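You will see two complexes here that share subunit A, one where it goes with subunit B and one where it goes with subunit C.
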Partner chain A sequence: MSSTMAILPATWDMYDLVQSFLRTPTYHLVVEVCLVLLIIKLIFSKSYKPEKMVLSEKEKEELIAEWTPEPLVPDIPEDHPVIQLMEKNIVTGPPGKYINIRQKSCINMATMNFLGMVANKTIEDEAVRCIKKYGVGSCGPRGFYGTMDVHLDLESKLATFMDCEEAIIYSYGFATISSAIPAYSKRGDVIFCDEGVSFAIQKGLVASRSEIQFFKHNDMEDLERLLQEQAVKDKKNPKKAKVTRRFIVVEGLYLNYGDICPLPKIVELKWKYKVRIFLEESFSFGVLGEAGKGVTEYFGIEVDQIDLITASLENAISSIGGFCVGKKYVIDHQRLSGLGYCFSASQPPLLAAAAAQALMLMQEDPGMMIKLRENCLKLHEGLTSINGIKVVGLPHSPVKHLRLVEPSDDRDLDNQTLQLVADRAIENKVACTVARYLEKEEKFLPPPSIRIAVNCQLESTELDTVISVLAKSFNEVFAL
Partner chain B sequence: MATVKALKTVEIMSGNNHNLQEGKNGVKPDGNGRVNGRNGSSSYKSKKNWKDNFYESFEETPLLTAILTVMCYGILVLVGHIREYLRFYSIEQNKGHTEPKIEGFVPLFQSWESFYTRNVYRRIRDCWNRPVASSAGAYIDVVECKSDDHNWSLELTEKKYHVMNFGSYNYLGFSETTGPCADSAEQCVRETSLSVTNSRQELGYTTVHQELDRKVAKFLGVEDAITFPMGFATNSMNMPCLVGKGCLLLSDELNHASLVLGSRLTGSTIRVFKHNNMADLEKKLKAALLEGRPRNHRPWKKILIVVEGVYSMEGSIVRLPEILLLKKKYKAYVYLDEAHSIGALGPHGRGVTDYFGIDPKEVDIMMGTFTKSFGAAGGYLAGSKALIRHFRLHSHSSVYSAAVPPPIAKQVISVIDIISGIDGTKKGIERINQLAWNTQYMRRRLQEMGFIVYGNKDSPVVPFIVFYPTKLASISRKALERGLGVVVVGFPATPVIEGRVRLCMSAAHTKEMLDKTLDILNQLGDELNLKYSRKTPPDFKEDDSLLNKE
Partner chain C sequence: MNVGVAHSDTNPTHSYLNSKGIWLTYLLIIFIGHLLVLSIPYFSVALAWTLTNVLHDLAMFVMLHVTKGTPWVTSDQGDARTQTQWEQIDYGQQFTATKKFLTCVPVALFMLASFYTKYDSYHFIINISFLCLSLIPKMPQLHGVRLFGINKY
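Now for the complex of A and B:
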């Protein structure tokens, strides 16, 4: 008995406790329970009472009645200069080598018709043949009976031309790169992007919701610095680095600067820092390289080194649409994840057929690219002799920007000056345009300029006219 | 549980729903949150009560079917995992183009995403992306795709199926290779040019665009309009011009991907309300006004309600009159995407506003596409003069991207001329009436056969539910063999348990074609056991007066 007591003293204590519990009067119990509850409440309740906002129905109604939203759009005067200018410079007829503005037939230095594909007879024949076979629209997205055989044909031709495994076409140039980037780069990934990229890329970056690191335009040291910073970050957090995809996004030939990205160095950095390259070739496709395959051909770099090449079909090819080329496993992903591909109607068959025809013409006659280069060089030389402006862009680039040597502090004023020049040039039968930007939305706004696009069909005499008219216009405006 | 709900549905369908307990706005939501049956309510004060003629149905999925469907996906995923292992250890040959492992690089794709594509979608991928070798008219030539390796690779054959086209969005049948529209497009290629690649502000604004903008504005009955070459981009490129930081965007949960992307690009706060559920929308509007922005509680700058006219996967029509009442009460703006409704709804083919008899000027931003009813490509935005001026100046497309290709503009112009009778014939109105009749006939017959048909009785998008991914594939393949081209949609485009077949009606379909189609679907419905509906057939009948040609 005593040994059991020694082993289980606690049990006996408990027994005592229960016994005494039963003997206590009820009111005692009630008070104790209340005390315990009070302690629990004190422990768990907040030390202060948050003010609870309870609005009466009347107050709610007042609040709703009180609110006035901002107007949907800002008030823009009916005679806003840009709108007036659009109406004044309305185009009639085809924007080919010559363009009809203000009842004048002007030499067209505004359309990115580098290879003279606009108003080409064989392309038009092909388009008409397509209307007769497929009608105008495709009436559906690619997934739902919107894939015509001409689309497949164009895709395979583009892939063969670019020496890639697969190509995918979009129905709008702007939607191509802005859909392609978010198809691969997601939240948490890192994109290293050149400051000089065009607006479509900027929108793709926003849509991807990735972390964006901008490096100075064509500055490889700056890019390497950012990559090193990232490498340090990755070392600190290898777990995160394992799932963080890294991309470099560059343009082949920059629309806003007329220069070419240093691709060999970028490829070197790719392998050194394990980053993938997205190359946007809208302005270099059909322009750079012997056969017009773009920057890779220009630098003699294998296409395999680049993870994704995108380009618009709206410049050298002069159709509407865009495409991406690359390895099959890369491109096929866009067929289900490229928003602008899956959820949009497919490209109208006539535009796809026209693009295929233009591509064929380009392959048949590489002389176009040579002629284009000659024209670019000649024009560049002529334009650099004009006083008061600098020609921005490489001599053999078909996109050139004419900027003021001494810009004022006021951007609007500079734009007006340049617009005066463009107006005078149009009066003298040379059509060119001031480069337009959405000034508030551009990440890095390029300085104001007149943008010149070179056409391979221009004859030597026509180039002379362009140079002399532009020189005259600038001189007249500077003399004001 | 589900059966009880299904029985309730039957009650609603039987017509005397006035004495049923109704929600706050006269709407009786079903178990899946959507509104069934005729939505009559005498409390609505309007000259003409639109609700008397507003019939929508979304029959609840039977519980057993739901469980079996989920199991079906489960088995597919399980088998997929086993085979991934086999492929990983090279026991099974890997035929897919998978990403090679490159030392140091993070894989380009998330594993689940490509797993689903390889193991589930791949098996039935011949049901989508079928190549077509003709115009998307009433009949379509589908090129046969063959595969020797279970769809890892598909090869085109010489064989073509000449099938009835119930897959293209050719609502008014204007996808034609001959006739005035094709002729004017052809003439335009010859006389103007195939494309204008400049942006509008950089010498890309031509007389054709001017004509198109004016035609569209006049057709819609608004002050002004602006057009773009891609429908998707019309939403995604222009929504950021309207709202930004500090604004609230209220978006229907079933809005199209372009609206979702556009909303995301705006940088504003996005809140999603239940599909076509006005009580939920009102709750969110009220909360927004009372609470203001999150954290700092400042009032919102603007509130934009984003809705579609006809929802392309559900076949429902937006409850526009109620949206406009809420808009007025809470001073929000309304963005109406009429991609599937313009041309296809309303006695004059002018979309949902025409359907409800509402002045289009009451909607702040009217958006639509030319891809569907117009048989062309591109999209428009329409509204007040000030709004369109803003777009002309600040739209991404006006500054950075190409304008509408002239031949496509010409196609749209000639279609508008025909629909609005400017060409001096009644062909346009005949097409509109034919489409309306076809839609009602098809919907009534399908429901009578016992299919679960979703959506509004007047919506030209006719989805019916088949649930299982396996049945999706077999109905699509069998229908094609028997001469019928349909679209099937499954997860992830729909909820897991709501895989469906979608028929797009067209004015180009004749009654004989509809009867033939119904015969095929009836057979397939019996063979594949697709007639899941437990409700009594609806009480509407097609309006035969539509077909009286004067």
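Now for the complex of A and C:
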């Protein structure tokens, strides 16, 4: 028994082995007996089978007979307001500075055509040239025969314009932010998000499966309180904190409020609490800053301080699609994990070319942004003089919400009142729209409003018309 | 479930060990591994058996009790991210046939190793410690327990 490993001969015959088995030490015997008992117990105890679903033929047929397919399109009553509006509001021709609606040529205050790129001749020519060269579609996702030279060209132009290392383009503006958020933030991560964010961001938050902490709209104290709470949690559980990513998601210019996020304070909090910032600039790109680079330029903050900037190309640029810019290693991550990038057909080449052309026009003429700002200020001043409504949004914001000063308790009633105002405005050749939301799906539903979008091409006289028509419409409706 | 057959379970770890031929494959891998160790010159039979036992227990410990989540398929969207492979087998049920089998194999291997090392005390200590490494985490009482918070996240 008391032999060392070195003394053990290289091989033995079976006789030796059996002899040693007969001379087994007691402790070993005890252990082996215990193990044998364990095996016997395991073999003779009841086995719990994992549940298996085996259906008999009869059960299968019953299930099939029971099943009634849901209609692809739900039944909607004929008098549904949306259907009525769709039939009533037929638009012909491009929705440029003027729009042909209800067979009237109206001043367009409803389209997010801030820089007047819609129906621009040079952009149209560029798109037509592209159709002749590439056809209408790209026929595949970017990673699967869907990449054309115009895509790469637009990406590099956007990156240069935004002073970032790299850009990535998506084929749909809504899909840009809702793919970008879940590409980085996963289950177990924490996102701090403003309550006023638009619907696309909300969908991105849901898709990320992360823990979402909402802070009050533009309330930095509330955000800091949440960050402090998170810091306390992290201190208690440093191991978990090590594998938790933290993000702040804000919009540059809020679609639903027309105000700007306090970016300098957010950047300060970012470094203090070690959080990453995702900035959604769909409405500030091409609008804020001298060159139209957005909120970062507006506040004079280096783009490097922001981890990811996304924007839609559907507003100021007036194409279709969206883009993200940032550091090369950040953006490249999306090329394999941005769902909208990987699994969607790429942007049609003509739209990429149109976006590139619009970007060039924007760079050539920074006067657009100045004119837009002037128009916004003038319109804001005029609208604030109307009685019974408040203008929500900053004076120089191109998105403004006209809300009732004394709203009723009934949301539908307020919406109907505002719809009456919009109808009267269209009668008088100013097209504007009531802000529509998916009311059941919105996380924090903003109050009813008429949403005004400002175009830089509007002349002073036209702005005066808009103000007087809106004032008249409101007064008429309030007098009812 | 059989590997390569269409099914709707997002996490194959729940059931792949119940596939046809998996148990036999497992035993064959151990056997071939043992032959490989045995074929190394200067290794005695005793050393080869102890090595087989140690390597097997270590490998199974890493594969069943250290690795978490679904290593190959991500369609479960991280549901099993905090569970070890052992905890996922058969949807976390205890004393299923597969779990019993996976418990019996290291015990049998230990007995064989003991026999071929002539019940030597040094080999016994090594073999029994690695057997414990293999058996203790399999206890139903330790389901979902992370001792001292090791490997918790």
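The rule is short, and it goes like this: the second predicted complex is superposed on the first by the 405 of 480 C-alpha atoms of A that agree within 3 Å, B and C clash if a C-alpha of one lies under 4 Å from a C-alpha of the other, contacts with A are read in each partner's own complex, and residues count from 1 in each chain.
The definition used in the following text is that contacts are C-beta pairs under 8 Å (C-beta built on N, C-alpha and C of every residue); 3 or more make two chains touch, one makes a residue touch a chain.
Everything quoted here is computed from the prediction, not taken from an experiment.
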{"item": "Contacts of A:Q230 with subunit B and subunit C, given as first, second, both or neither", "value": "neither"}
{"item": "First (subunit B), second (subunit C), both or neither touched by A:F21", "value": "second"}
{"item": "Which partner, subunit B or subunit C, touches more subunit A residues", "value": "B"}
{"item": "A:N218 touches, of subunit B and subunit C: first, second, both or neither?", "value": "neither"}
{"item": "Partner chain in contact with A:V31 - subunit B first, subunit C second, else both or neither", "value": "second"}
{"item": "Which of subunit B and subunit C A:V243 touches, first, second, both or neither", "value": "both"}
{"item": "Which superposed partner A:V330 touches (first subunit B, second subunit C, both, neither)", "value": "first"}
{"item": "Partner chain(s) touched by A:G96 [first = subunit B, second = subunit C, both, neither]", "value": "first"}
{"item": "Common interface residues of subunit A - those touching subunit B in one complex and subunit C in the other", "value": "186, 209, 242-243"}
{"item": "Interfacial residue positions of subunit A with respect to subunit B in the complex", "value": "55, 60, 63-64, 67-70, 72-76, 78, 80, 82-83, 86, 89-96, 99, 101, 110-113, 118-119, 123-124, 127-128, 131-140, 142-149, 152, 171-175, 178, 184, 186, 198-200, 203, 206-207, 209, 241-246, 274, 276, 307, 314-315, 318-320, 327-330, 332-333, 335-337, 339-340, 342-345, 347-348, 350-351, 354, 431, 433, 435-438, 441, 451"}
{"item": "Touching residues on subunit C, where the partner in the complex is subunit A", "value": "14-15, 18, 44-47, 77-78, 81, 90-91, 93-97, 100, 103-104, 107-108, 110-111, 114-124, 128, 149, 152-153"}
{"item": "Residues on subunit B engaged by subunit A in the complex (per definition of touch)", "value": "97-99, 104-110, 113-114, 117, 121, 128-137, 140, 142-143, 156, 165, 167-170, 175-178, 181-182, 185-186, 189-207, 210, 229-233, 236-237, 240-242, 256-258, 261, 264-265, 286, 289-290, 299-303, 329-333, 364-365, 369-372, 374-377, 385-387, 389-390, 392-394, 396-397, 399-402, 405, 407-408, 411, 485, 487"}
{"item": "Interfacial residue positions of subunit A with respect to subunit C in the complex", "value": "1-5, 8-12, 16-17, 20-21, 23-25, 28, 31-32, 35, 38-39, 42-43, 45-51, 186-188, 209, 239-240, 242-243"}
